[in-house]
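What follows are several structures.
Next, two complexes with chain A in common: one pairs it with chain B, the other with chain C.
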Partner chain A sequence: MGNLLGSFNARNVNLNMDDKPTFDPQEGFSYERKPREMIAKEEDLISARIPPKYRDYCAHHLLEYQVCRYKNVPLMYKCAHEKHAYLNCEHQDYVMRMKEFERERRLRVRENRLIGVA
Partner chain B sequence: MHQKFSICFISFFFLFFFMLMNLFMMIYFIISNLTIMIEWEIISFNSISIVMSILLDWMSLLFMMFVLLISSSVIYWKKSYMSSEINLNRFIILVIMFVLSMILLIISPNIISILLGWDGLGLISYCLVIYYQNVKSYNAGMLTALSNRIGDVMILMVIAWMLNYGSWNYIYYLMFMKNDFFMNVISIMIILAAMTKSAQIPFSSWLPAAMAAPTPVSALVHSSTLVTAGVYLLIRFNLLLEDMFMLKILLLFSGLTMMMAGISANYEYDLKKIIALSTLSQLGLMMSILSMGYGDLAFFHLLTHAMFKALLFMCAGVLIHMMNDNQDIRMMGGLSIFIPVTSLCFNISNMALCGIPFLAGFYSKDLILEVTMMSNLNMMVLYLYYFSTGLTMFYTIRLMMYLMINDFNLMSVYNLYDEDYIMLKSMMILLFMSLISGSMLSWMIFCYPYMIFMSLNMKLMVIYVSLMGGMMGWLVSKMNIYSVNKFLMMYNLNMFFTLMWFMPNLSVYGFNYYILSFSKNLYKNIDMGWSELFSGYGMFNLIKNYSLISMIYQMNNFKIYLFSFVFWMLLIMLMILV
Partner chain C sequence: MALSLVKKAILANPHSLRKNVGVFCNAARNHWNYQYKPGPYPKTMAERQAAAKKYGLSIEEYQPYPEEMGYGDYPKLPDIGADSKDPHYPYDLPYLKRNFNEPFHVASEIIGEDRFNISVKHRIPLWQQWTWFLGVMFGSYMLYRYLDDYKIGRPVVAKQYPQEGPHYMFCPK
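Let's turn to the complex of A and B:
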């Protein structure tokens, strides 16, 4: 229901959870926005056999977590710090994506208002 | 049974030893991300090769470890529970064959060897359900076997269809064949097979009926091994099944199974059936999270659920023994005073089932519910999930009130004892596991942890629902025979819920009855009728008639000679004259 209620109003402007951003990323900002940078290297991810769907912007934390797990077998609870760092990063990433979603929704509403769709 | 080592202890020892071996291998495999496949070609015929293959990865090893742990402690427990059994060896051998066929199913990535394990499970579960020989057991066994047979036939059809691909090692081309139409047909059949084995809604009547089996069998078979085979099969096929329409139907059916089982458990008074229905409810939970695409969560819940459900059945077995082989919970009560240790195990496993924090069930169930909350689904699915969670608490509290809190009924006084150390020892193993396995597994198997982010009330929704369910359970258990019974005002609805949405009636009278009477008619009209007339009896009749005709000639040959002589003479004379 987190997603259901969060995206409820977006249906009015035909915006769904999987849609990509359609507006200029710079629109409405006074300063220049930088694209996010990927910290983990591709070859590290490949050598650590991280599946493609986990190769996101928090993958460097994930690598650290995997290293810690490898060192602390089988007492993996010792990696609680690394796991928390990874999940925290994922949380920040989620918040950022939700903000982008909301920006997209508001920009669409604004566009509709300017055109006069009601 | 005064030998030094009984068959139970020997079986326990070997199974436990294999369990330890699997544990160490599993830790090694999971940390080095290793998968081993061993193939042995049995026969190669043109382009088709039939191979026997073994797949060892962390998933199969972990599942095997859990199956072996549960079966070893159940077999050890059986030494005391079945001590008066005459054919104990036969029973133990049946159970070990069952465990072996489950292991064959777990380690095989090949649909043919899966069928071997799958059929082995079906057949031996039939033998185990009818172990106590009476009419009720026979009926339950037949219902179990026939319901599972649908799944067997589905797997057979999958084998036949996979002939087109030249190999039965489906694991190799799950991703490759994803958009193939015929692969979709195959996966629909696989889903149907899994639905029969895991007792999802159209086929769910056999699971409570199979409680006619001895309690150790229920502890092993109907909680952790047999019914999870379907879930495990779908976990293996998970890559293929993503984004399929059939999965959405499965999501609906499994959600309804979850709710149906939860509601029916509240109307049930049979101790073992209540536990069976709660198993059904948890199976629905596993299947539904699986059909949302989270195979690892389903696997996690499968493992933790196996632990505490086996323990729950074992405690129920002890209780049934104590209550003079009576399973009715209305006959029990106040047991926490008389048998404190068994009650402790019972309560802890029940609490783990409800998902009380930091027991085994909490880690898996809470994660599943939160992932559901995070994902992009409609309100109906969420309602099914959360309502069923409340229902779990509902029937658990009701059961606990009936067994532990309410007054003792003095049904049996002589039998009450809590000093059976063989039973207690094996229960302690599972008790320890159902305390720690949730936390241990959640650290162990989730290499890539799930990020959960939601508002406070949504996070606490599980607690709210559980509290409400618990309160309802407490209220319902207060119901007395002289209290004003509103249930009678809705008698039909009551029957509807008590009889599991009429599913046993539908699948016995509504389905099997017509098929069986149809086949009776076929037997009467075809086997004994037309085909007998035309093939067996008819051929005999035909030959008999012909030989009767030739016999007429033989018996009357003098007359025929004379007659033919005269006839030919007349003919010749006529020719000469003319």
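Let's turn to the complex of A and C:
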């Protein structure tokens, strides 16, 4: 469905936007999932005064972007590549969240079906 | 000029001047004079007729206030504010929208054009105003109560932060 009504039918399994996944992350996978790694160090983020809400898995791109801005001010256009990399990373992060949502929804539907059969 | 007018008035009609001065001095000192005071409450038909004649009303339209209100024989006139009176009628006193010798309403001070219109007729009646107001308020609330079960949002889980436990990608190690 579209973006606005994306979680509308998920309410049938009591799943809403910004809920946390409840199943075991490895459940249903034939392989072992690759864990996400945090590249930026917390001390660097604190030193660069990145706000806590931006200290996600893309923070190292943000840090690079901000460093580039600091070095190139006022010629911000020189940081276009860094900005692009950061925004791409955020986009991939969002896609991953959407995948997690869909996985959660399907697992809940499956669980309901199994309970109904049993 | 003014002094000559006063002199002329004194010489022309000394008796009337003395009386008027007395009335005005009394009104300024005591805020009213005996002529403002209504008579006692009319109990018999003859008294009613006398009171009606005194206030320039016919016996049919004369109606005193209840005795306990203390207005004596003062007539109970219809509650019509000056704003509700016909503005095109050729009144004797257009400023007050009043004719000569027409009795004053008891509350005429407050129902004049400058204060409050007791017989105001709204373009939208008061019950309709209340209906619209309460309808909108309760309607909005009922809509909110109904739509509370149909929340919508984007299909994403909560944002993943590294300190909130391990997160995994959708690819093998």
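What we mean here is this: the second predicted complex is superposed on the first by the 113 of 118 C-alpha atoms of A that agree within 3 Å, B and C clash if a C-alpha of one lies under 4 Å from a C-alpha of the other, contacts with A are read in each partner's own complex, and residues count from 1 in each chain.
Keep this in mind: a contact is a pair of C-beta atoms (placed from the backbone, for glycine too) under 8 Å apart; a residue touches a chain by one contact, two chains touch by 3 or more.
On a predicted model such as this, the values are computed, not experimentally measured, just so you know.
Enquirer: Is A:Tyr94 in contact with chain B, with chain C, with both, or with neither (first, second, both, neither)?
Expert: Both partners, chain B and chain C.
Enquirer: Pick one for A:Leu62: touches chain B only (first), chain C only (second), both, or neither.
Expert: Only chain B; A:Leu62 stays clear of chain C.
Enquirer: Of the two partners chain B and chain C, which one touches more residues belonging to chain A?
Expert: For chain A, the partner with the higher number of touched residues is C.
Enquirer: Could you look at A:Pro74 and tell me whether it touches chain B, chain C, both or neither (first, second, both, neither)?
Expert: So A:Pro74 only meets chain B here.
Enquirer: After the superposition on A, what does A:Met17 contact: first (chain B), second (chain C), both or neither?
Expert: both
Enquirer: Check the residue A:Ser7 against both partner chains and state whether it touches chain B (first), chain C (second), both, or neither.
Expert: In the superposition, A:Ser7 contacts both chain B and chain C.
Enquirer: Would you mind listing the overlap between the chain B footprint and the chain C footprint on chain A?
Expert: The answer is residues 1, 3-4, 7, 17, 94 of chain A.
Enquirer: Where on chain A is chain B touching in the complex?
Expert: 1-4, 7, 17, 49-51, 54, 62, 65-66, 69-70, 73-74, 76-77, 79, 83, 86-87, 90-91, 94-95
Enquirer: Give every residue of chain A touching chain C within the complex, in rising order.
Expert: 1, 3-8, 10-11, 16-21, 25-26, 31-36, 38, 55-57, 93-94, 96-102, 104-105
Enquirer: Which residues of chain C touch chain A once you look at their complex with the stated criterion?
Expert: That would be residues 150-162, 166-173 of chain C.
Enquirer: What residues on chain B touch chain A, complex-wise?
Expert: Residues 27, 31, 33, 373-379, 382, 439, 443-444, 447-449, 451, 453-455, 458.
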